[in-house]
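Chain naming follows the written order as A, B, C, D and E, and within any one chain the residues start at number 1.
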């Protein structure tokens, strides 16, 4: 049924030279210039959701077991027995829990970056994977929520952090960065979920129109009765515009506030004004790495995705990653420089501990994974257009960024102003819990990939409408019309 | 199989069954809540109102309230001080547990009902000294037989009164609303 | 319809309902309703939430500090020092504070038990912190128990019956002594590991040799200006730590005088040495020589003839032998000579050597040179307690060896043990456990299921100290004669009975001499008989018109003491006119390391079963819950040993394995180990924890009969194992280990 | 109302709290009596060998000692009892999202309200003195050890932060007693468990705002006391004298 | 207008649909009587239709105001609700910078929530009532839905077919 299969046979179109700027070549390269009839595209997306191999279910089952044990059973055990079964101690009161929280919030930044910032700036390459990225935002934030609640000593009283009227007249302490955090993360989770949902409505309507059975009910309920009238489109467009603009400052504020959890503390190494932007760029760094990993996997495993996700997209994200890596290096150096130069003796001790202490290998790998490898690989268009290469780079960046948070939290907590209490941190049940959140993230994503059209068909179609080839003399170039 | 069950549940009889099951669960839960709010069984059906009617002051039997943190449950020697002179003690079935207890030397097992939540340090003395009457918190005992807890001693209850008592006196307000006054 | 709603469904539904109810109940007030049982005759003060305070005596060591215990509704909540008691003036040490963890210890002997020797007294479990393991239940009643004691008293010849008591001179000792003198049974022997490590016999022997009079010297640290301590760990466990610590505070800070100096000669830095202005890591065995050398240098500075005591010593030789530079010795002599109130104290490991007596004599001679006897900041004989005629010291190790020999030879057929745990405290080389096999009847009065109780035929548990009556003579530490009084602050928690009561009743049952020796109704009457004669004494803290009132005051104030100074001044006339030996001590064993066992300042000999004492960090190493071996880091580097490496220590008497703590303040040729752990019984918190260094100590004694516990050389070897020591300190922050290369 | 200013710290002007401590490190022998007394008074749990070695001991007061020099010229630094400094401007307080650690305006103490604590442990991270201990588990205190519990002090459960309170239960008891007798609390009428136990009287507790109290007199007599990490502006209420 | 009829004309292409709208207008239908249903966002300008009235920005603004008010309540009022404002550190009861953070976050939250809600309100979501719809729309066709007098049904059908409508049919309400 799909007319795209024959194109799959061709070698990935990555390289192109001046002489090959033919029309055919451009169409092959750019999704936006390679339109298919709408009906066919719908069919392809529906197929990608429906066709599930046994391998999928094997992975799904394994992950479910990991989630059940690693996340829910371990967490229940920890709630019942106390945080003693984790590795947290004095002075590392925060351990991998907070590392994971920051990590997942970081991952979640990619979705917003791609679907909001790129939308605002009309970067056309975003179109096929905005949804894939937004799903990461929402699911990543869910894991961040799990991680932060896990770390609480008495999680069953979490509602004391929420502002609700009570007879004691006691409200949350708004002086605390954790309160801001809670409100900011809630804001971000709600708004990114809404922002995921709004552009999804037309696609859900599409899915509703071409499915039967329980899926029909499912899509019918979610599509809310969307028909595509002028009014509905107008409201949707308006809302998406507002969202695209407003969610950007929210996204920046969230990770900045997360950074203030550390930067606002009177601790050597933490009390740094660069932490806000440093964390934001770090979040984008890991987020882009995660997006590219997800795209590589989606392209490789899901049916028809080779049509939607093409080397051009890896190329574009690769460029962004290179840029962000440079930005991260800049902020890292900035932070390091001022701490090294003007820090007090405790800060110096801490820097020394980072580099040469027992976790020195982690510090070094962080720099290699976050700076050296991206720079070495991503400058090359051919390499950065190759999915498996960027997958590995993305993976290493994520490991590197996780290391970065590990160094900022438990490693830095080991050193304080009271040398009598310095102590290393050895993770305990945090490891299954952390793996549990990772598995849960993948599990949610896998489930979503079977239920939610992963490609925003109408957005792709809209883009394809706007693109055309135009001849200037002998050269054929891509021209984009501004439709909105 | 499941479909059959659903089909059955959709017909009128099934709906009634569901309704009954729901009602049963609801009433069990309601009973549970009701049960938890009941005063527990006491060894003697002690009629507070009778004793109050005789003009016995609260502090006669619970003298700790004026002196220390706990009001205290009186020792049976105190009960016996009066009751061994009351003829009815020997005959009344209601008073038999007291008589048996004193004669056999086995203490009565009372269950205090007026309890503050955990984590709160409460001192009767300060409250009595501040001119609070017992009934402000414990209710009017002249209308009660077996003691029950008329108030839920939660923070709002305490705080309301503390605020009222402090009035415009800033120093007093600070002291009376300080977290460390009750929680340590 | 009804058949479809099966019974099982109904049960399920009911189950859900019950579960809901249970959850709701758990949240409601009913979950917190508890029953309260007022006493039939409860004093009013007992039910108003106010505390009641009782004065009593701390039984954690033999010092006899006064305690005031806060109780509420029949439970002991907190021990505080008795501010009236002149010995401790309201202060306590850590062990005094933790005595409540003995009272409410989860492993106590709960009633009289007859069992076969070697049987455990409580179940064991893999994880002492999370598994429950209960004590064995009592399997006899007290009537039978008393009868059993009476039977033993009757069955054997008086000469075959012996009592082994704790080192505290208390009412039980008086009672048994009375019994012994009236019936001819062996006089009670008092012993404790502390007396062994304190070398009390050596101290009194040296005093007798120098001053012609026996007694326990008292060193007025508080009044001194310069204190030279030769191994005396007086801030830890030595003699009377609370009172000596008060003395130390006086040394450092008094309104009327300058800050005094403390100089400590010790091969490892104890926590006392840690507070010293100068710590001199002296080579073990040369203390006598150094003391004499300082004496000689001081006399040289003063001019005139050099006293005979110091005539034979050559300071340069002393410097060479001890490893202390001659200039340092001279400067120390200068300090000593120029100080307004110099004081020299012998003690600790310095006395526990083959020449321990010579050390004590040499150090006392230094005091004689300073002529500080009877003066503030000088040396006294400790005040004798009010009803005490002469100083009675606990048995020395050699006397214990003789005692154990008698047991082994079958000369003792019935042994009563109270207040001491010889199976744990005596050096393994004395082989107490084997000797015990030749004793026909062993009756332990242990409160806790200790190693000796395990080896006994009967365990007739005494009350815990806070549940019992008594008095205790204060042997040293206070200028005033003090008799600390004890009374129960709570009623006994278990079915225990006061040993004095058991003995009195048993004596009545045994009849004859026994009955007439103890003509008392009970323990309290006995105590009254011993105490009420103080009523008329002069300078009493209180007096009373009659015995009952006097006893009431005695309980209220926690004892009786004089308001006047009861210390006596030693006769120092001939002290300097003797030849004193400065010879180095001899070491046994073939190893290359001096071995210094020392008493753990927090656990001492009987603290291991109190969880909070285990959790207290050692003052010098901050190690908790275990035994360690202190080793100089340079030595460790040389041998390739790191922290927490388990090493095997071999002496001529035994072998032990323990993890290393690289201790920067110990001589490179010395290793040291704390005593206090290594129990094989004694409750869940003590059992199987650490090792007992007395297992390494051979049968070596000094001239006074005290154990030469520090007179050994040992071999060490690596085992290749590691055992992580729990430290409070950060090994990174304090030692820079693991911070990365500097 | 709204305040955009940073707290002003006037140089040279001393902050005066209400309750304070003076610790003479020259007198402290490190004997741990204060630690034991504190544990007994405040129902502090013991945690066992493994946890205590892993930085989870619950001591509200710990005695720190370091080393100076190399053998044989090595010295132990003066023992330094470290407990909550009851800062006037505590860094732990603002960071708690639940108002579980707040400043007592009546007693000028740093309070830890156990029942409000949800266990984010931010306060402990932000305490420059590292004196807060967290209940990592429900540590078992088998029967009958619990008989010893001080009924005036809450027994904490897992997941709750705790720290030295300057024995606030004793403060309240003394104030209640004084009030019932119609007088003010007299200096020296009561003291904290640690100060009460200390055989060397290294710890003195009292009113720092009363110039005649023993703590104020000692502070004057010694002249130059040290307040730890004062440079952070925490306004600690414990003064240390190194002495010697 | 009981004698009116609703018709659905399905066009394969945007230009045809725009022409059809012009044609409808010329046949006397006002813009109010027509509606366009499409599977991709087709702007009003493309079809020459009047601008759609949308309340979303206004609702968003209102939500922002509400969020701001909630933030004001939380930051400026709740600290004074406890009888004596609780003191933490030496920070003011209403701390400056944190207040700004909260004002910002809650304003944004209010705005975004109400934007989302605005879409629901304006579009009458969720709406599971039977509606006029053809499934071809989601395949990229553009449907014009208009109401005309019953008697002129044929006229309109013819006009639409002439303009290239793939089908013109009486709009039937359908469970979507």
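Quick note on the criterion: a residue touches a chain if its C-beta (ideal position, glycine included) is under 8 Å from a C-beta of that chain, and two chains touch if they have at least 3 such contacts.
Note that the structure is a prediction, hence the values are computed from the model and not measured.
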Length of the shortest touching-chain route, chain B through to chain D: 1
Chains in simultaneous contact with chain D and chain E: A, B
Central chain of the complex, centres being mean CA coordinates: D
Chain separated most widely from chain E, comparing mean CA positions: C
Geometric centre distance via CA averages, chain E-chain A, whole Å: 29
Length of the line joining the C-alpha centres of chain B and chain C, rounded to whole Å: 50
Chain A-chain C separation of Cα centroids, rounded to whole Å: 65
Computed distance of Cα centres, chain D from chain C, in Å: 30
Shared-contact residues (touching 2 or more other chains) in chain D: 54-55, 62, 64, 66, 91, 94, 96, 99, 102, 105, 116
Contacts with two or more other chains, residues of chain A listed in rising order: 168-170, 173, 175, 418-421, 423
Per-residue multi-chain contacts in chain E, two or more chains: 82-84, 86, 88-89, 91, 95, 99
Full enumeration of touching chain pairs: A-B, A-C, A-D, A-E, B-C, B-D, B-E, C-D, D-E
For the chain B and chain C complex, residues of the former touching the latter: 8, 13, 17, 21, 24-25, 28-29, 31-33, 35-38, 40, 63-65, 67-77, 101-102, 105, 107-113, 115, 118, 123-124, 149, 152
In the complex, chain E residues that touch chain B: 82-84, 86
Residues of chain E that touch chain A when the two form their complex: 35-44, 46, 49, 52, 54-57, 60, 74-75, 78-79, 81-83, 86, 88-89, 91, 95, 98-99, 101-102, 104-106, 108-109, 111-113, 115-116, 118-120, 122-129, 131, 133, 135, 137-140, 176
For the chain A and chain E complex, residues of the former touching the latter: 37-39, 42, 163, 168-171, 173-175, 180, 183-184, 186-187, 190-191, 194-195, 197-198, 202, 205-206, 208-210, 220-221, 223-239, 242-243, 246-247, 249-250, 253, 257, 458, 461-462, 465, 483-484
Touching residues (chain side chain D, partner chain B) in the complex: 99, 102, 104-107, 109, 111, 113-116, 152-154, 165, 168-169, 172, 176, 179-180
